[in-house]
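Below: a set of structures, written as structure tokens.
Two complexes come next, and they have one chain in common, subunit A, joined by subunit B in the first and subunit C in the second.
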Partner chain A sequence: MKKVGTPEYDLSDKLKYHVSALSTAAKEMALPLNITTHYPRERKRQPACFRGYMLFDPERCISCFQCSFVCPANAIWMKDAPSGRYYPTVDYGKCIFCHFCIDSCPGGALRTTKIHDVAYKTMDEMFTSTEEMIEPPEIIREDEGVVDYVIDKEDLSLKRTKEIDELIVDVEPSQGVPMISVCVDRGSCLACKVCDKICESGAVSSVVEEATMTVKMGIDAEKCTGCGLCVKECSMQILRLVRK
Partner chain B sequence: MIDISGLIGTIMNNPVNIPLLYVIYDLLLKIPVLGGIVAFLLDFTILGMPIVKYIIGFVLWKPFFTLIIIPGFATLGTMLLVLPWLERKLVGRMQWRVGPREIEPHTRGSIQLLADTLRFLFQEVIIHKDAHKHYFLQFPFLYFIPVLLPLLFINAGAAGHPLVPIQTDYALQIMIGLVSLMPVFIIGVAWAANNRFSFIGAVREAFMYFAYEIPFIIAVLAMIVLYGTSNTAEVISGVNQSTWLHWGVILNPLAALTFFIATAMATSRLPFDIPEADQEVAFGPFVEYTGIVFGLAYIMAYEKAYVLAAIMTMLFFGGGSGPVIPYLGELSYGIWFVVKTLIILLVLVNLRGVYPRYRIDQALGIGWSAMLTFALVALVWSIVIGVII
Partner chain C sequence: MMKMAAETKVGEAEWEVKIPEKKLKDRLFFENLKAMVIDTQMCSRCLTCVSICPSKLIVNEEDIVDFPDYDKKCLDCGACVRVCPRYDYKPKSGLGDYIEFTAGQSKRFKGQDGAMATEFIFSAIDMGLIDRGLFVDRDEQWRTSVFHVRGQEQLEKLPLGGTKYVFADVLPELKKAVMFSKVGVGVVGTPCMVSGVRKLQEEFPVFKEKVKLVVGLFCTENFHYNEVSKYLIEKGVDYSKLIKTDIMKGKFVATMTDDEVKFKVSQLSSILPSGCNVCTDFTAVESDVSVGSVGSVAGFSTTVVRTEVAKEIWDYIKKMGNAEVGEGKVEELDFLINHKKEREKNIKQ
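Showing the complex of A and B:
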């Protein structure tokens, strides 16, 4: 068994380490290798895909509930608007900023910003209604510069530029994978027309055949946005979302 | 009956010689309106005495000037305002932090200590019921006596131009005696606070006192033996420390090292802040203090450091000797003295960015083995050098 003890230094070692410690301190005192961003006065330049505060565009929303379904933290609740449609509200007390909602939004109604410094006085205020999500929150900007982290070889250094970073990014909304809804088992269809009632884009059509007293449902692949509402609501669970 | 005219004559005949003042005076007289005002003020007499002239002469009177301006209270006050800020800034840079900044950001937070002082002034001074009320309030103020009295003997001048309030042959002994008196007041503070942490701090302070006091006195004794005098005016004379090659730190580096470590121990700086260890005993003897009294306690360590650094400058770094700055006359010695003292103080306070705290047994071990050995060797070395030179 090997016994681990305190290292033993002789006088020359001790002197060497004292000189090394003092010279390191003097060097850092003169030229510190500091890479701290002085945050309120300057901001780190964030990428356009930064996952920050979310903005909402009601014109693009098709009330498909996809954001609400996909939210792993259950932070997005749909609230009914006067227009009869359902729009998302975000509880930032629960939100984990995974931005699955933005990725899953088929219409691109939700989009991200670089805003990451929003303060709330109470927990209730963190529940953000749809109206508050349309306009970006009021921010008092104190920053006068932008900081970029530059990696040259293996070392990290700061590059400071005098400009003001725009926090509202204008990027193309994520289209995701184009999906359409198809019926996989037509024989089990009850013709309850739930899919027809719920479809926002009018892709579901029903044809009544008088001879056989049956109703044939059809989904128009061109009109279907792949929102998945009919898949959720189908009472027989015979609808599936597949790739276009 | 006091001989007023004789007294005034004594005062007016012993001024600090600053040629720059005469240059400024001549320039002022040439400015149209201001020159007239200045000339009127200087000739203004009450009871036949040019009172403004006498006031200026009194301020420039050597003993008064040295006590009040350099190296006395004004320098001490400036140091107390600047040194904690410089310490926090430089240690911050060492540790990749920013240090004080938010108060007056244009000057990098330089008036942070003024803001702290304001806060201390408006804080309530709490005297808890277990404390000995009178001693609890008196000891921090009594502590000022041994801290401020050494200012009377500090010599900021160079060879032939002493800038010292009182010249005596026992100056160094008195200063060392006063410095050795300081821990008594700290222990008194701790006793009056009647708190377990302050008791622990007091015991630690006593331990540290035993660790540094003997080597400290022997190191000073070695320099007294080397210079053959303990008068602070003669320590920096034409014979002693005439050029930088004859500085105490060159002639007797071991004594300088011992003195420096003893200074770090005496002022409770890291790596020897054992009595006041924040993380363990929460500022030790001063744990119960609040408000301005705590501010005094916080600042007293810096005052002590200033006194000890000034003694170190006199004994080991040639006092105020340095290249003469034109037009400043005798003031240039004072400026060199302040610069040297500030450098020593900066090295002293920035040790806390480099070293962790020693355990109390390690500190005692350093005091009684390494430092005592160094001090004794330095004493013998001084005797040998003294015989040779």
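Showing the complex of A and C:
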């Protein structure tokens, strides 16, 4: 039976290990190797597609309700604006920051920012109205540098840079799968022209020809953005979104 | 005049829709409908226009079909005019074409008579021909509502059969059912509703494809809830005790748990809807199968099988033994057919 005990070092071994421990301590004193970010004095550099606080541009919104339909947390409510349009409001108490709303927005009205640290005093304040979403919230910044993690072959190190990371980013709106609206049952068309009236991009056209009592309907494949507004509004449900 | 090929293919994403001629030029289509049908007291309130209107703003108000603020809100598409059975009225009368004139009594369902309308819809569901049927239900106050039936188990709780003598909003529900249905829809209605369904099918292929079975009811006249309830309460009918209403041998009979109120049908002429006054169709000539109590012995429903689809279902009912087959007497219908044909003189062109 083998006895297990502490290893037995001779004097040369002991000396070697002590010198190694002292040199590591001296190195850490000169160049500390911590991997925590000293927030708020510095911030971690986030990618441009970071899923943070959302901003909203009413100019680009077509009131298609896509964001509120797609929201898995039911955080987006559409509220009617004085212009008769419906604009989204976000309850950050519910939002899970999946940004499906941004990905589904056909007009690119919703966009992301790198803001991830908004403070609220009450739960009610987390309900963000449309007006509050247009401009970013007031930010008090104390950071003077950004931190990047550098992964070496052996370990993780930090790279500190004396620059300020811009929180408001300008990312191209998501393209998604390009869709187009088509009429699948032309015979059942009422010629009510609702699709033409609702279309924001001018893709649907309807021309009444009094002489022959016909209505010429058409969908311009080039102009159609695939937002699906006409599909939703068609009372005969004969319009469909298909892949372009 | 209004026969039209609604579909013309022009290029890839362009199509043409034929809209009807306006009888009153430079007016909205709803104004045309109002002038030609509603204001002339021709409207039967079958609600075909309500079902098809894309703005969903045509309403069946107190005692008239109306479109509040039509001058601002009407989309002027002409759909209401295209589907209105009375806009370009071609009155139908007589018994119509049929394959088989017979009578039946359902073994599965209990109704006023033979419950054959219910039997036809459920047999069609069993055959897989349709996946939902529309039935008219009533509440304790005998107000009607329409609901969708998809299986026999739904029947146990609800009083389905039985004549209500009150109009129901069947056609607006029919459009919803057509949009939901994947296989087909079956519907039961009065002759004016049947004509409305046929008009919808003529104009819009989606209805032709989805509405597979149209059961017509024998109908001399039908009443609107507000008018008939007021009249019956005056006559001493207590709605909370009312079990059934029927018209037998020229008499309106309201049976209650402890009493019966009887009076001549002719007394109801004061509340007879103006649309019924110009209706000459007793047997629902345009239906797939017509069902009614006249022409067969008590407990049986006279069944007039008119189309191949209905014949198929009737054969299925007989094969499965779902109904007792009786005998229908054509000549018993003559009196009421002629009675309604006389109303032709009321039609002003």
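Convention: the second predicted complex is superposed on the first by the 157 of 244 C-alpha atoms of A that agree within 3 Å, B and C clash if a C-alpha of one lies under 4 Å from a C-alpha of the other, contacts with A are read in each partner's own complex, and residues count from 1 in each chain.
Note that in this section a contact is a pair of C-beta atoms (placed from the backbone, for glycine too) under 8 Å apart; a residue touches a chain by one contact, two chains touch by 3 or more.
Bear in mind the structure is a predicted one, so any value in this text is a computation, not a measurement.
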Q.
Touch test for A:V182: subunit B only (first), subunit C only (second), both, or neither?
A. second
Q: In the overlay, answer first, second, both or neither for which of subunit B and subunit C A:A221 touches.
A: second
Q) Is A:N34 in contact with subunit B, with subunit C, with both, or with neither (first, second, both, neither)? A) first
Q.
Touch test for A:C98: subunit B only (first), subunit C only (second), both, or neither?
A. neither
Q: Could you tell me if A:I238 is touching subunit B, subunit C, both of them or neither one (first, second, both, neither)?
A: second
Q) After superposition on the shared chain, which partner residues are touched by A:V118: those of subunit B (first), subunit C (second), both, or neither? A) neither
Q) So, A:L190: does it touch subunit B (first), subunit C (second), both, or neither? A) second
(Q) Between subunit B and subunit C, which one contacts more residues of subunit A in the superposed model? (A) C
Q: Could you tell me if A:I198 is touching subunit B, subunit C, both of them or neither one (first, second, both, neither)?
A: neither
Q. In the superposed view, which residues of subunit A touch subunit B and also subunit C?
A. none
Q. In the complex of these two chains, what residues of subunit B are touching subunit A?
A. 90, 93-98, 350, 353-355
Q: Sort out for me which residues of subunit C touch subunit A in the complex.
A: 6-7, 9-21, 52-56, 75, 77-79, 179, 204-207
Q: Spell out the part of subunit A that touches subunit C in their complex, as residue ranges.
A: 182-183, 185-194, 208, 213-221, 235-238
**Q.** Of all residues in subunit A, those that touch subunit B in their complex
**A.** 21-22, 24-25, 28-29, 32-36, 38
